[in-house]
Amino acid sequence: MDRVIEQPLEAAFVARLPREWARAVWRFARLKPLGALGAVLILIAVVAAAFPYVFATHDPARIVAAPFTEPSAEHLLGADYAGRDLWSRTIWGARLSIMVGVLAVFAAITVATFLAIVTAYYGGLVDLLFQRVVDTMMTIPGLVLALFVLVVLGSSLNTLIFTIAIIFVPPQLRTMRSVVLSIKEMPYVDSARAIGASTLRIFARYIFPQLIALYLILGSLIIGTAIIIETSLTFLGLGLPGDVPSWGNLVSRGVRDVFNAGYRLTIPPAIAIGAAVFGFNLLGDALRDVLDPRLRGSGVGLTGRSARFAEQIQSAERGRPS
Amino acid sequence: MTTERAENMEGARTAQDDLVQVKDLQMYFPITAGLFRRRVGDIKAVDGISLNIKRGQTLAIVGESGSGKTTLGRAILRLAKPTGGEIWFDGVNILRLSGRQFMPYRQRMQVIFQDPYSSLHPRMTVGSFVGEPLVVHRLAASKVEYRRRVAELFRSVGLDPAMTGRYPHEFSGGQRQRIGIARALAMQPEFIVADEPVSALDVSVQAQILNLLADLQDQFGLTYMVIAHDLSVVRHIASRVVVMYLGKVMEISSAKELFDDPLHPYTQALMSAVPIPDPRVERARQRQILVGDIPSPANPPSGCVFHTRCPIAIDECRGEAPALRETKPGHWTACIRV
Amino acid sequence: MGTYVLRRLMLVPLTLFLISLLFFFMLRTIPGDFVDFLFAEEGGSGIGQRITGQTGSAEEEWERLVRERYGLADPIHVQYVRWTSHLATGDLGNSYVNQKPVVDVIRERLPATVQLGIMGLIGSVLLGVPLGIVSARFPESKLDNLVRVLSLGGLTTPAFVIAAVIVVVLSTQFYWVTPDFVPFWEDPVTNLSNIAIPAAVVSFTAAAPIMRLTRSQMLEVLGQDYIRTARAKGLAEGSVFYKHALRNALLPVITLIGLSLDRLIAGSVIVEVVFGVNGIGAALVNAAETRDFPVLQAITLLIGAAVLFANLLVDITYGWIDPRIRYD
């Protein structure tokens, strides 16, 4: 049955006509309304991130009102301790959070995919070495690892992106590697070897295209987590500098100002974080169900019961530490 | 020294009519155990197999699953690396060749897979899948010629060339198998290993594919090695048959001779599983049913590997592995009771 | 089984060694070590006098003296060997910041974190498993949808957001301030009023994946042939559900529970900071902020060891519960 649902949508990835794309998107929305909701949430966040100046009513860095001004038509969410417009700061926060999340995840999965193909295909000592390093890195919870790397590199936007990318490489490498190993055993890969296709050709035309769906699924599943980690680190004072209007900073500052402004300054950025992460998770779940039913379960890579089960869940759930 | 030269000379002489010669091929997979993953033994998937395939002939390899027949096929195509032995193709020991030297031979030998669902690239149009060998080996001088060749290949396996732009999931099992065959034919090979080419198909489609294979053989003068577990398939197309059990050859003979007079008790047991479409004969004949499963190749029985399930085994069968000997002209059997 | 456990046990020290190596060298390859950091903060001579107890040296001289005092003057590998040999005797060095032995820091901070972790774990299981079961018992019902939204909320809302909102609400509505940590056996009431709410937050975030896995496993098992057989032979639905399905569905859930340790740790780091619980997580963040390498290293190693042993335990338990799994 899975085959019936799976393949026409899979074909959308190779579909070249816009009409086929549109039809695939429409079918996806009908099949997975929650996934479509997630896509809408993401779309809102992405639009806000791309054009914050359209939606923001004020300059997020400028003092435009008295400290702790109550919400009004002029200042939709009021002003913070310095008198900056909270609505505008929340909108601009989308840009930072989405950018950090997307860039970090894109970098992490790209590196993981490349390493997975190379280590799984060649095997041997290199593979073994990578496996050990992955095991070691996965022993430390992502947030702790991130703390450590940030201490080493110092806090800035670039190091934050780099740090989050680093902590996502090992679990994604593990998932990708197991998938590459299973693709490598497929008869059509044998068939490519039988016609004398070069290793490069087998990578590029036989293995990599099979990973595209997984790439998208993993990406949308972990961007949410990346945003959680980014905001958490910033909240702890180790991510972005304190004055930057990122969601983590806004919540952190809101908590500190609780006796001056109540929960008014904390709730809006908190909702923004929740909604964005929620959106990515919904879309990721739906994409996984539709594109790759093999991965269904609580997390990616969860296919059945085996002695490897423990590791699989771990790698799946490691994608989303709190 | 002398014997070796004699063998080489024999190799040169028989190369005239033998396209493929397999000599004492061994294919072991290590079993590891314990704390340090010591190698404690081997799974002998192929254990000392020798056979010849004549040009234009169809050799069938028959055996239960786990007998090592697929591994043998993969080894001949150099998709798996044998532990020992020699494989000669048209007078050349292909195991000695480097990857680059082997490339011209890749073109001359091709494979048809068992499962038409997993053997086609799911994200490639069937046209480019069939035409890929032409690209890899630069066999088409121009785009026009490429398209003409692909269309020709589609027609030769009975498919409409208009379907080249579609994806595998749009085809039925039989059509997919035809696509796989078309790809194998693209490089105009001389020799094709067909690994259970019809066992995943509906019975009605099986006959079509087998007939297609036979037609292609006539048309292009192909040599086949067909791997099968179903004797009725073998009877349909094979000229010679090798019966394998646990990585060893039990019996080799021409197909007709084997079906008329199977000598090895294992072959007899396999034969009695084939229904005969005549109720009187069917009712009258003696059934031999094999009890138990095929033993683990990790721990094969001593002596004759078949003795644990053999209806006529005697004590001596446990002792020494019986050699393959010519029991009738052109009919070789590995059994001391025959 | 025996050799498998042994092999896994042998991997534990190897992985711990790799962790220590990785983190030790990572910390020491950064441009600007702790001494640079100090000098940048306070300036040369003042800090030099405070730390070495001497007076009247030049700026570079101070830097050299202070570096020697902290053992940072030697080559990296010498530092590493010294650190590990001290580690073998149970000495984790002294904190750079307040010169306290790191062992004491950990001893002081561990009880709160362990209690938080245990309560969080128990809470997450008590919350996650029953809700997952109920959700699968009545799939697509209102209750099921509520549970699913709740679990998605737990997955998608960062722990610090929940914690922050709770702190904000508690302090503005109830003027509540977290009391300091007191061991449970000394004063249970104060202890619980310190730990209970943070533990609830940790439980909630850790419960979400348990809930989801329980539900999806139950539904998967209920689709199996042997469940249809059980139904076909006329067993009561309750018996089919709780006797036949539940047992099989819970196996992976148990694994997940064992593996949620890193989630618990990540959660408690945040929660400790927000609620001001004086635990390991807060110490870790503090050490990261002040570049207190000995504390940072020791805590990372401790966490690594805890996660490793939890994984090992899960693997062993899993093989023991599910007789189909053979390790060799």
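Think of it as A, B and C in the order they're written, each chain with its own count starting at 1.
Heads up, the rule we're going with is that a residue touches a chain if its C-beta (ideal position, glycine included) is under 8 Å from a C-beta of that chain, and two chains touch if they have at least 3 such contacts.
The structure presented is a predicted model; accordingly, all values stated were derived computationally and were not measured.
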Where the centre means the average of the CA atoms, what chain is farthest from chain A?
B
I'd like the most central chain, judged by C-alpha centroids against the all-protein C-alpha centroid.
A
Roughly how many whole angstrom separate the Cα centroids of chain A and chain B?
48
Rounded to the nearest Å, the gap between Cα centres of chain A and chain C is 22
How many angstrom lie between the CA centroids of chain B and chain C, rounded to a whole number?
56
Counting only contacts in the complex, chain C reaches chain A at residues 11, 14-15, 18-19, 22-23, 26-27, 29-30, 152-153, 155-161, 164-165, 167-169, 171-172, 205-206, 209, 212-213, 216-217, 220, 251-252, 255-256, 258-260, 262-263, 265-267, 269-270, 273-274, 284-285, 288-289, 291, 296, 300, 303-304, 307-308, 311, 314-315, 318-319, 322, 324-327
Quick one: in the complex, what on chain A touches chain C?
132-133, 135-137, 139-144, 147-154, 224, 228, 231-232, 235-238, 248, 251-252, 254-255, 258-259, 262-263, 266-267, 270, 273-274, 277-278, 281-282, 296-299, 302, 305-307, 309-310, 313-314, 317-318, 320-322
Complex interface listing, chain A residues touching chain B
3, 7-8, 10-11, 13-14, 186-188, 190-198, 201, 205-206, 209-210
Which bits of chain B are touching chain A when the two form their complex?
74, 77, 79, 103, 106-107, 110-111, 113-115, 118-124, 132-133, 136-137, 167, 169, 180, 183, 186-187
